[in-house]
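Chain IDs A, B, C, D and E follow the sequence of writing; residue 1 opens each chain.
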Amino acid sequence: MLDKSTVIGFTLGFSLIFLAIITQGSVLVFASFAAILIVGGGIIAATMINYSFENIKTSFAAILSMIGAKDVDLRTDMELLSMFARRVRSDGVLVLDSDIQHIEDPYLKNGLQLLVDGFKKESLDSILRDEIKSRERQIDTSINVMYSMADYAPAFGMIGTVIGMVLMLQNISDPESLGAGLSVALITTLYGTILANMFFGPLAGKLEYLSELDLNRKEMFRTGINSILEGENPRIMEKKMLIHVDPKSRAEYIKYHEGIRISKERDERFYKLWIEQQNKEWDDLKRVLETG
Amino acid sequence: MLDKSTVIGFTLGFSLIFLAIITQGSVLVFASFAAILIVGGGIIAATMINYSFENIKTSFAAILSMIGAKDVDLRTDMELLSMFARRVRSDGVLVLDSDIQHIEDPYLKNGLQLLVDGFKKESLDSILRDEIKSRERQIDTSINVMYSMADYAPAFGMIGTVIGMVLMLQNISDPESLGAGLSVALITTLYGTILANMFFGPLAGKLEYLSELDLNRKEMFRTGINSILEGENPRIMEKKMLIHVDPKSRAEYIKYHEGIRISKERDERFYKLWIEQQNKEWDDLKRVLETG
Amino acid sequence: MLDKSTVIGFTLGFSLIFLAIITQGSVLVFASFAAILIVGGGIIAATMINYSFENIKTSFAAILSMIGAKDVDLRTDMELLSMFARRVRSDGVLVLDSDIQHIEDPYLKNGLQLLVDGFKKESLDSILRDEIKSRERQIDTSINVMYSMADYAPAFGMIGTVIGMVLMLQNISDPESLGAGLSVALITTLYGTILANMFFGPLAGKLEYLSELDLNRKEMFRTGINSILEGENPRIMEKKMLIHVDPKSRAEYIKYHEGIRISKERDERFYKLWIEQQNKEWDDLKRVLETG
Amino acid sequence: MLDKSTVIGFTLGFSLIFLAIITQGSVLVFASFAAILIVGGGIIAATMINYSFENIKTSFAAILSMIGAKDVDLRTDMELLSMFARRVRSDGVLVLDSDIQHIEDPYLKNGLQLLVDGFKKESLDSILRDEIKSRERQIDTSINVMYSMADYAPAFGMIGTVIGMVLMLQNISDPESLGAGLSVALITTLYGTILANMFFGPLAGKLEYLSELDLNRKEMFRTGINSILEGENPRIMEKKMLIHVDPKSRAEYIKYHEGIRISKERDERFYKLWIEQQNKEWDDLKRVLETG
Amino acid sequence: MLDKSTVIGFTLGFSLIFLAIITQGSVLVFASFAAILIVGGGIIAATMINYSFENIKTSFAAILSMIGAKDVDLRTDMELLSMFARRVRSDGVLVLDSDIQHIEDPYLKNGLQLLVDGFKKESLDSILRDEIKSRERQIDTSINVMYSMADYAPAFGMIGTVIGMVLMLQNISDPESLGAGLSVALITTLYGTILANMFFGPLAGKLEYLSELDLNRKEMFRTGINSILEGENPRIMEKKMLIHVDPKSRAEYIKYHEGIRISKERDERFYKLWIEQQNKEWDDLKRVLETG
């Protein structure tokens, strides 16, 4: 499912600019192949020098994958980890061995694998921690690539405009051609500013925002895995994991769990559901779990 | 109660701009639906790409709730926590069990609940700490949304102006129409600058400022809860909590407490008052407590 | 005593701008009540939304109090703390009880009071540390208020100019009125730039600079109080405190103390002097102490 | 092998600017020896005052050496360190003594030398850590030199333009010469902007990016050397080192190592290969190792 | 010896600007006493408000002293500290007592004095650490003063230009005088930009760069003094100190010391040399030490 607000944002933004243009004049005035070439090409060229073409691709791939990612409700993850914790408390850590293959998220999968493999608390936690750091470093590069493009965009817009102005001022014959020349010269500035503020800038921001959510989820997994390893009481584990959940969902989760009793049957039902069909919405999950 | 300075600030600022306009010309010159569309719409579009529509709503809701919040005097909170500390020292921690439901602030409520539930010092403090961090992270997103809008505002103002200038320069016939065209083109710049410096920027700053006050209050609660858990002398607890109070209120508090004696009767009076009617102003509270 | 360099700076700066104007034209051209209203009012309005009117007052009060503060020589403080240390080493910590009321600085006063009250090293140091942090947080708000005003100043200058330009371009009749109109429109930009660079900006910087000196002094007090509590050798205590003194004063202090011997009589003379008359200049102090 | 994306970026960028110019006018208009002198000379002069000529040379040398460096696949390094670990586990640390001379990378070489010399864990790790910090500090100077040049470039472009404008406005006779004069004055602005955004800026960014990769590789070496010193299980060592590898290569490495068995013969084959011919591509290495 | 690159940079930069002017017009056009007054005076005034006149003097003194400082080769310092370490290992720490008076650098002198005075490891190291921090704080003020001046320079350039433009636009009679007026108004902008980018900015950068070198040297001294105190093997001490040396000098130092043997006679020769004549260049030192 595509990230709706990104799509709506792009549609709204470009429609408005388009509207602003056609109500006052012709779109043709603003369509300039030369301007596209100098602004678009300049941004790509500078970014290639700054990073590498590989990085630009990775950056856009990161945005596409994040925008297209299924929406994850942390509460579903919490239910899952709680169930795992209860399973481990009753049957030992090796019971997870067969479950791991059903897990989609590579971070959680790897973490539980290490748990089953019998890693000690300290090694395990330092590996989990470093993996988050490493992931952060990699996504940070993609974010920086995007922000660099947002910085280069108005600069190449200005370069195009200065080139246009130098040429125009060189051969002034009549003041009217001067206006038209300046008009053309300003188009690259317009392109640069729009690209920076409607494309690269907001996308870099989105990538940064989504990566924070992603790292937060990983932190929650780390909390849970550590709790399972230490055999902590599932209630305390939940308290600790809830800190990573946003306030509204947290309140709902707490209220819901105050109302129900975790029975062995419920856990079995949940386990079967989970094996069959992953990543159910939490609201569906709740309904199915209670009604049986 | 609405935050007075925000309301006065808005009234003052927009009145001045309005005044500056009507004394020199007609307001009609500045009212442009197209300009509203391109600047306002552009800001919303870019922010939707950058975050999500949900975030924009949360950000404004955060401002509204903070601006409309009742003014909290940290000294009232200190009196309350001191009383709790004395109650726990004489009757044990379970005495708080019935008090908790009367507490309004969710952070304090949750912290004291954990205390009653018998959490150990280390777990308790790490949960309290993480909750502050988690709250900070959530409000930081709202602050960043607001600051992003303040950044996008002048950019879309400039985009509107450049579009206007390109169109105007394209069809110069007489120099007079040129002036009028530029005049219209500049209106989006005006809108963008006003929105950034009279609306989004100051509101982002306000949100940041109020959230600091809020986090400071939570830190004071954390200090108090830890003190109660450790059974620290209430006098030392007060010294530690006072650090979160601003210097003027602190001086008043110290002076007041040098003058009075905390008797059992006073505490009982206070307890009754508190159950009946929450969040009294400190100045009222003092008067009522002493006069009985 | 007023901070001389602030006064000289203001006098010099505004005289120069005044001079630049009257040698080239008339001051009347630059005196615009409307411009004062839009720039000054706009700054105040935006800052009120961003913070509160209370904060603006506190910020200016902080500047006034700091600028008007008596110049403090850290060496006088060092002599005092050294004497206290020697008194405590010979007569025990309770000897300070009567001295505390003669101390002016609230931080030192409170710290020594805690010492006399028998606080343990760890609690004492954490309170002293937190108080510095709390003071830093409060003064930081004032500094940020001032910097915000410096940021808003050119923005409202620009808003005024854009309003003026829109109105002027609207009704062009002859090119000469155009010049005059632009001239008037530019005055708000001038006001905004001058306010940012001759008033709010440098004052924010001054506040930041003076608060650093103040925090440094508090850190020196903390070092000294900790030393007294641990009963450290006064010579080591001096070495540690000297780190907070600027290099020139430090060299002088060291040289002076290499030349003199700290006798009991000298200490008594100093104690008497200190009770009678606080905050003597170090150079005077030295002279009086040696000549008896 | 030259860094391809840098070369392509430069070629693309300058071709586009060249194209933009020749399609609209003559290149001769933009070729100005005076503009080169004032912008290029000004940048060098300011950077020499700011740093030293030595630093400018080091900065460019750093870029050249990094851009020209052979591409290093961290997986080849991992295979090597794993083999070393197995050698040390079976034959003791002194077995590395003869290997060290074959190592190219000075950091790894020095680290293993310290290992053989019998340094204790703590000293060894603190030396390895400090060396990374020291390397970081040195490369940071080069990066800052480059960023300073990117900052000075548009400033000297502007200085050139203002000088040109002052002179041009001084002797206005006819409006046409005014246009030509402004046209010439703008050329330094164009030079400054292009140098900042197509040369110094992206190169500074590249240096920063490549130095991060380099430090990451050193961190991986440090992890490996510490693991060998502690005699850790090579599998755990691999887990830890893999954190420094980018996700795609990591996945490939893990998959490959799940499919093969590390036999004594394979290690001997690898050792022989490594002595004979360093820095093979990982893909080649894999093929050769398996096929024998 | 003056810092050569600073001198060459200034000469080159100002010559280029001078050249750019005289090839296109007359220097007289650019010589404006009023412009010097408003830009130079404004910068000084604002900086005096922001800091104090004392700070401005200290800042320039810091630059002069650093630029004029004798070039220090860290390798000479390393040879010296190694010799001290060997002396202490054979004859005890008191042997340094007579050497200290020959040491020029106050930080090293003080550190060794504390060593001889028998300070314990922890106190000694914390004093050495704090002194570096204190030095850093003091030089940071000077750096900030310089950067503030670089920030104020273009602001006062702009203030001058806006004043000029307001006056010029006020009394337009003929378009030619308009050009001349604008030309004069732009001169303050030129002054401000040149001062920021050819004087204050690069000097602030230089001060920052040189202070980093200075702090690095102090850190090396701290490492050495700690090593001597702990009686560490001089070879390990060298390894640790070398981390502060730049890579090229480090390589040379290592290579040189692999080739020679440290004999008692060499040390005595070195000691005699050092007493007689301080701060010899390392290259000279090497030659003299080996040839005897």
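By definition in this document, contacts are C-beta pairs under 8 Å (C-beta built on N, C-alpha and C of every residue); 3 or more make two chains touch, one makes a residue touch a chain.
Note that the structure is predicted; figures quoted are calculated from it, not measured.
Touching chain B and chain D at once are the following chains: A.
Fewest steps needed to get from chain C to chain E, stepping only to touching chains, is 1. The distance from the centre of chain C to the centre of chain D, each centre being the mean of the chain's C-alpha atoms, comes to 45 Å.
Taking each chain's centre as the mean of its C-alpha atoms, chain A lies 28 Å from chain D. From chain A, with chain B next, the chains follow one another around the ring as A, B, C, E, D. Touching chain D in their complex are the following residues of chain A: 34, 37-38, 41-42, 44-55, 114, 119, 123, 126-127, 130-131, 133-135, 137-138, 141, 148, 152, 155-156, 158-160, 162-172, 178. Residues 3-6, 8-10, 12-13, 16-17, 19-21, 23-25, 29-30, 175-176, 179-180, 182-183, 186-187, 189-190, 193-194, 196-198, 201-203, 205-206, 209, 212, 216, 236, 239-240, 243-244, 246-247 of chain B touch chain C in their complex.
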